[in-house]
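Here it is: the structure, laid out below.
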Amino acid sequence: MDLATIIGLVSGTALVISAILIGGSALVFINIPGLLIVVGGTVATSFIRFTMRDVINSMKVALKAFLFKVESPETIIEEMVAFNRIAKKEGLIALEKETPSSEFSAKALAYLSDGYDEGLIEEMLNKDILKTIQRHTVGQKIFKGMGATAPAFGMIGTLIGLVQMLASMSDPSAIGPAMAVALLTTLYGAVIANLICIPIAEKLELRSEEEQDTKRIILEAAIGISRGVAPLVLEESLKIYLSPQERERWGDRKNVATENA
Amino acid sequence: MDLATIIGLVSGTALVISAILIGGSALVFINIPGLLIVVGGTVATSFIRFTMRDVINSMKVALKAFLFKVESPETIIEEMVAFNRIAKKEGLIALEKETPSSEFSAKALAYLSDGYDEGLIEEMLNKDILKTIQRHTVGQKIFKGMGATAPAFGMIGTLIGLVQMLASMSDPSAIGPAMAVALLTTLYGAVIANLICIPIAEKLELRSEEEQDTKRIILEAAIGISRGVAPLVLEESLKIYLSPQERERWGDRKNVATENA
Amino acid sequence: MDLATIIGLVSGTALVISAILIGGSALVFINIPGLLIVVGGTVATSFIRFTMRDVINSMKVALKAFLFKVESPETIIEEMVAFNRIAKKEGLIALEKETPSSEFSAKALAYLSDGYDEGLIEEMLNKDILKTIQRHTVGQKIFKGMGATAPAFGMIGTLIGLVQMLASMSDPSAIGPAMAVALLTTLYGAVIANLICIPIAEKLELRSEEEQDTKRIILEAAIGISRGVAPLVLEESLKIYLSPQERERWGDRKNVATENA
Amino acid sequence: MDLATIIGLVSGTALVISAILIGGSALVFINIPGLLIVVGGTVATSFIRFTMRDVINSMKVALKAFLFKVESPETIIEEMVAFNRIAKKEGLIALEKETPSSEFSAKALAYLSDGYDEGLIEEMLNKDILKTIQRHTVGQKIFKGMGATAPAFGMIGTLIGLVQMLASMSDPSAIGPAMAVALLTTLYGAVIANLICIPIAEKLELRSEEEQDTKRIILEAAIGISRGVAPLVLEESLKIYLSPQERERWGDRKNVATENA
Amino acid sequence: MDLATIIGLVSGTALVISAILIGGSALVFINIPGLLIVVGGTVATSFIRFTMRDVINSMKVALKAFLFKVESPETIIEEMVAFNRIAKKEGLIALEKETPSSEFSAKALAYLSDGYDEGLIEEMLNKDILKTIQRHTVGQKIFKGMGATAPAFGMIGTLIGLVQMLASMSDPSAIGPAMAVALLTTLYGAVIANLICIPIAEKLELRSEEEQDTKRIILEAAIGISRGVAPLVLEESLKIYLSPQERERWGDRKNVATENA
């Protein structure tokens, strides 16, 4: 569960709502036709831009991104080093019986235990990473596209309201409220784009990068195992993927492990 | 037939029209000279930017993209694996009699049955893919260009209207309706760009990517066949191009086939 | 002569002028000081951005681009295949007497008849292509730069007008016409940028790409001739540069030729 | 301590405040709810875009970037040349006892004294540089993201204020002050983005480049030491990383050293 | 001395001033606090973005770019071909006594006369070119950054003025002049960005490209001399760097020289 996203979405929405409530009644800010044109127009153009399957898939991908966490690089490195130890002791074929934590490392192990050569393993896993990036990119594009379209439909709604108001401008005292209604769609568009669509698109991008990083660690570990690199050398080489803090934590844990041993 | 595009275009247009109708008469929103300057100006600058042949071609390409569907990657993979089986059994020359589903795979088969070597096949098919991308890019550029020009001509129309209104501002009560008319071209430009041109440009891009993906599968399969790779290995290697869902469906279908066998 | 550009420029201008005339007198739209600041400011900053020689050259290049047509790829391919036949029959030295249609193919023939080796021919012609791209890019940059500067100077003119109007706002009835004048420079800037500068910059880019394509065909043909490739194989390999329509036309013409033979 | 940043931030803020004070009371410019929605909304969307750990880390990284100075390239070059002298005289193993000024050069020395081969040293240090760039990029992205979000939330705040004002527009004399308040959030957003977030994002980018440069000097020096390059040749080759001024200073210092010797 | 820049700056400024004078008194356009906030804010953020040394250096670099001219490629080619003749006749060691026109060609000659091998010469000179590009890029970034910041501070100034005016809106007749003053900072920002900062940034970019081109000619000539290429072949190979006009002039000059001989 991705807490930061929830906190960000809830607190951002609370801020906007409280800014509305401080100024008086919130009722003036509700305009169903206005909301319909902004949300509807944004979704409709998403269907033109992408395929229906892509739009539905991207919602699933987004949800999954928020609900499940990517394995931490530390766990992955530990797991792969453990597999290396097994391969060294019992041969590559022994990896067949292992149950790795992710689908991608399962694939890597299968290639290793099937005796694929190093070049083929690299090629196959790399192609897999590329296809994953491509699929993730579609999801990011959909949310970015909605982030660009929502303000445009907000402006379209405001222009329609302005034209209606100006065309029948008989009572000057009615201008204010009519203009307030016209401006609402611009507000809707700005909030939808800046509070929801654009930040989610960027979170998906970050998630995709994290997943790629994890997969690259697995790829490199698989090549190392295939080459018969020593577990300690593999560990040293994979640890470069950790941030300084993670490396410190890693050292501490190891020390504790050694002390306890 | 591309349903998503039709649904998106129809529902988006319906939303804009209903937003207009809710506010009263739709007549105030019709302004033929305004429409002429936005649509005409956008088309005219497209002629300056590109050649006439490009503009006309791009319309055809766009129409074709919406009417015909790209072969699904599953079908392509099955077809290419079947060709590999034939090549293995009866030799590459036997591919001459096959009738593949697309022009591009026909070309690949022709090279194979003519006995071209692997490097030449890769070079020729790759050049073909590059030229296709180049042709598709022109179509996308034309729609993107119109998406950028339409709002500009909307603004030009509004500026002309404003200058005319302000220059002869004698009757204050006439300001409202005159300004409503002036704003209409901005509205036209925003709708044409955001509901039609930009989404279509992006759909064409997506279609182009799908077609490239399909062609890359065929290219890789042709190289595999030329190298004499075993059909099962080729299938395994091409399946990486499928999304996880497609791969599951593939597995299900295969199991059914095996059970029925 | 590039018809599309002329048609686009003339019809675009006609549309803007008719939109002005429909609304009444066109005189209100003429403001010499305003025109001076937009056009003058745009040209002045072009001098700061580039060298005088570049600005003058770019005008010449633009004019040339509109007056002369690039050789069609079909003509180039036919010519190069014909040269290949001559080289096969009479030796590379015989190419010395040929008069090719462009300066670039003349250079390629000179290298071939001088007996330069394949690698050197590729290197020299490639460097030539790169330098041409660099020269074309300057021209495109100048027009793109003017397309970005014109609206900025339009806004500067409008701001000057607004400040003057607001500073001496004694007679409310004079506000309208004064504001109309102030808005004119914004209109000038938008028309100059969107109807003239940006589309011409993009046409120059398209032309540059066409010329590069042509030069790449010649480069590839020269390498093929140097390698002693058979004319029919060269033709097949160059035909990939044609679009599907051009290839069909090519086939038709050939068939006619064969039938007539 | 990075003086330029402090001077820039203090003088920029002083300028904005004095511009406010010259025009009269500064009290009209203080609006706590408005400030809350701009700052709060910007921070909230940062949490959606990134992870909490990233946001907190980026603040630490930014602070560290301002408080500590990157070693000057001259110092680094002198240090590495000195290490080369030691390695030449006493062997690579002697580097073990040295205490270099940065964590990265310590790592390079450790690899050298452990007798890693040239290719491995390059690969390991290069991977380290790439990971550092990735980590720095997140920090820059967070500040750039806030620089883009702050004006958006400024606009959202202004739209909310405008709708509230227009919806209850009974007393014309109250329009002015209400609109002043509405405009405040736009002002807050513009100041936060342009005076704080965007410049800091760019300073972080510059710092990251400086650090990369320093690390590249160390990497190249380590490869040179591993290859057994002569100290004078190494010095000559590393000096290319200095700017002309730094090179002059270097020459002067060296001359003084020689004269004193 | 770069005439085009001077002409552009002077005529652009003259145009803006005359547009102001035509409309009446220029005094309304002078507002010292407004100028201070735009210029001061732009400079202050430059200090945050870069280091003080970078800002001061960039001013020097800009001045130097306008005062000194880059050697024309023709001169460079002639000089390098002459050096090649000397090297052929008297050996590479003879280049030691030559005094080339630029620091970079001096460096190339020093490497040649010191007997460095071809690969090392290429590596060292290439690194030098890359470092020069990096240094130039900082200068361009500073001016581009000021071109983006000036309009932002112009807007900040206008917002401050608007809030002050609206907060104390008692006398309607005072609105006009107060708003005129508020708009002035926007005007200042637009003029500073579009007439000064952005064009100068682009001129610096162009200059940097010219200098790179010159250095690449010297680099290629140095490699040729090191390889012992014949002077005539070197001349032919370097002439590709000339534009068609320059090549014609080159031919004319040569012919004159031959005729006179």
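Each chain carries a letter (A, B, C, D and E) given by its place in the written order, and its residues are counted from 1.
Heads up, the rule we're going with is that contacts are C-beta pairs under 8 Å (C-beta built on N, C-alpha and C of every residue); 3 or more make two chains touch, one makes a residue touch a chain.
Please read these numbers as outputs of a predicted model, since none were measured by experiment.
Any chain bridging subunit C and subunit E, meaning touching each of them, is missing here; the list is empty. Subunit B and subunit D have Cα centroids separated by 42 Å. Put simply, the C-alpha centre of subunit D and that of subunit E have 26 angstrom between them.
Touching two or more other chains at once is no residue of subunit B. The touch graph of the protein chains shown is a ring with every node of degree two. Chains in contact form a single ring whose order, set by starting at subunit C and proceeding to subunit E, is C, E, D, A, B. Within the complex formed with subunit A, the residues of subunit D that make contact are 33-34, 36-37, 40-41, 44-52, 54-55, 124, 127-128, 131, 135, 145, 149, 152-153, 155-157, 159-169.
If you check the complex, the residues on subunit A that touch subunit D are 2-5, 7-9, 11-12, 15-16, 18-20, 22-24, 28-29, 173, 175-177, 179-180, 183-184, 186-187, 190-191, 193-195, 198-200, 202-203, 206, 237, 240-241, 243.
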